[in-house]
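Questions regarding the structure given below will be posed in turn.
Naming follows writing order (A, B, C and D), and every chain is counted from residue 1.
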């Protein structure tokens, strides 16, 4: 059986598969359905300084090949996260690693979450969710080069832990933002977050989603996620977590060949809670079937030179 | 039967449905399969000053809920377009209107196509494809605020015909670009073009698409297209052609309620050449079923105020 | 409630929530499926023997009180949970009656449909539950003409249980309030995970907080939720 | 060639290209479908009587010359067009023979598969075409062991026709060149519109230009295309 172990972010990941932020809560629910320690870990629901109540319903709906969500980053807030959620993670996971997904209205909010969490146990590092409006600047952190650089530098000063920035695909060139993260001191990237979308109930002539707009995820965005991973990989040397529409080992291998060392499974878990475990097994089978002993050599191993014009 | 007629761009559109650029060539092939004059018209394949040979295969592949293409804007060039393609359009279409999709490597290329075509017969106006790299600036016209404004102003000076800019979704806020087009003298907008994407053949460890990357279209992008249309509508007063994943009347009505007065059908025609006609009929049925006599009052008629938090 | 989904080539489908309509002694469950939109249309194509994804049982079902009569208000396919409930209740009271000689606790079933075409087979319903439903159709094509809510009476001691489209639930909540009836409702909200992680399925609680209907519901005591006034 | 697609709730499928494998006198066509990826897996689930989308006939088929013997080289499901062609050719020569007393133009069919498991029913093949194929399997489980291309002989006057996976076509092109044989090939390239509008299906022409395989092909004279050297 192939060895999927990789040394990353100062620790060992025995599996390249994580559960994506917002799709696995803070862990316990999926722990009842799947053996979390068989996969590489999970990324928590976003944590903000203050609790957030979130958006009115409907918060989710299906779209062709995917879904749209506007949860509104509902979460318990930093204090209750530390008191009520972290202990479970620290007590119940042994091999699975935890990233805490962090959001804020302004950079000081992010910094407060990181500063508040940094001395705690039960998690490895941070995934910074920059797909949210910057109340001060009026734009999204993830689409504003200056705001993003400042944010990453500020957070870097707060922590020695792995600092991963989750890129938004909502930009002209994701590579530019990947490079900014690297130059500003990030340790890794997640690519990608959801695409802004809208669905309309034509009978009621209203948006289906209570928040009007939401983020599109699922298989529909797979080719965009693979593309963003490939762009980010070409633009910088940071380790990348590939995200978007992954349902099986083949999907995951696309991300890995494009340059991701880890992958995250989100929407697919809603269809089948076993999805992440199946993705892990699918990657292992791929290596076995191709007689490849380790995963590392496949990361970014896309052969894209000399593509011929001949039918193949 | 409901009246779908709208006065737009100085003429009458008896149907709000057009065939999207790149999916219907220059007209004749679909004319053998569907009655083109039953729909509102078509947008030609991109026309550039010089002929372009296009990309190596594979140029198309299926993706979850959609497809990816990298044709490489293969086209016959301005001269042969005028000599070989326009005459057919001018002789064979009576009620269907034609937009010529225009591309270039730099703004002077676009201007040359517009200047070269402007005195000809057989088409109504231009759809400017700004989802292409600006050789001078290094970015895409459609993602660069200054380049886009300059381009639109330059083209405005060349023509009195309807000048529609086809927006790329590949930006932080499509509304900003919509407003730039309006301020620079455009007459309308098309929203949206494809999303950059990539597929990898994990057996061969190569990109599936000869050009490595391509544009993702089809149902998968429907919610993104509706969103972009809604954003563009909020940002400016230009008439909008809604595009992306439209397969039936309900899909089209989402765009119309979001603010599009016309819609374009692309990928769906590959599945069923009748798709555009069915979309037209679906819109007519919607009006009939709801006892609405005209289409105009539905354009942008989304009720998105006071969305309640109650289940519905 | 169960989530019923599909994993097939070329198909993406979020599992749809379904009430348990039937349960066999050997652990099989029966769902009643009505085609509404794309997802249910696809699920309705499942052939006997085909595999699907079933997640559950999820959430909280109706809570009946031993011995207390129940009055079920079913709108359309909202009938599903009451087939199960009525069957269990009549079986339980039959047991009780046999062992204690008590009279069976009564089950009243008010069942409304748009028109006759949609009606669930009444003989099968009786066979499954032992209950004869009081029928209402909007066009009067069968049973009483009008909304099912018209069957709800004043001052009845029975526990009122309602399942159906949201506008019907609103009407039942209003009536129950006016008539001083205890009421449990099964709410309909879009769901994604079904297990409480995604917060996609919230409904507004009486205290103003959002409540996850997949784990705290789908059945709530009407007083737990905020309703339009 | 036909495009075979599906329009079902929850499903998006670009039509896939299929060769005509059979034609009835009353205008029905038969396709031979082998499951390869997601799309063909989905199409293979079609039940008798179910509706699908059929676009065609599209493009150019093999061009046989009256009276000239043909030698068909089929790799895997590349057999499909030759079932049709052999049936037509034997029928035509039978007609000719009947009317003119001439000897039937011969049809040779070389048919290769990975192994026995994939083999098309030989009795049915004979029944449909009147031809007994020369079999090749890579593992020798039936017929000759080896590639189907090994059956191609020197200096034969027959028109060589090939359909199968691209690596097989490359081998046939090379052999035909070496052995001075006239060759037509049916190429496999991804398609979208199937009618010449999208330019999605190009293959490299001998003159360096791209050629649309959906309208100019899928069958080409081997000399029309550029091949790897």
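Heads up, the rule we're going with is that a contact is a pair of C-beta atoms (placed from the backbone, for glycine too) under 8 Å apart; a residue touches a chain by one contact, two chains touch by 3 or more.
Values in this document were obtained by computation on a predicted structure and should not be read as measured data.
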- Check every other chain and keep only those touching both chain A and chain D; list them. B, C
- Using mean Cα positions as chain centres, tell me which chain lies farthest from chain D. C
- Note on the structure: Here the gap between chain A and chain C, centre to centre from mean Cα coordinates and rounded to Å, is 37
- Note on the structure: Rounded to the nearest Å, the gap separating the Cα centres of chain A and chain B is 32
- Task: Could you grab the centroid distance between chain B and chain C? Build each centroid from C-alpha atoms only and quote it in angstrom.
- Result: 46
- Query: At which residue positions does chain D touch at least two other chains?
  - Reply: 12-13, 38-39, 189, 203-204, 210
- Query: Can you list the chain B residues in contact with two or more other chains?
  - Reply: 56-57, 64-66, 218-220, 308-312
- Once bound in the complex, which stretches of chain D touch chain C? 6, 8-13, 38-39, 41-42
- Message: Quick check: in the complex, which residue numbers of chain B touch chain A?
- Response: 56-57, 63-66, 68, 139-140, 143-144, 170-173, 195-200, 202, 204-207, 210, 212-213, 216, 218-224, 226-227, 230, 245, 250, 253-254, 257-258, 286, 301-304, 307-312
- For chain A, which residues count as touching chain C in their complex? 22-25, 29-30, 32-33, 45, 53-54, 56-62, 64-67, 69, 71, 74, 218-220, 267, 269-273
- Task: Under the touch definition given earlier, write down the residues of chain C that touch chain A in their complex.
- Result: 5, 7, 12-15, 38-39, 53, 55, 189-204, 209-210
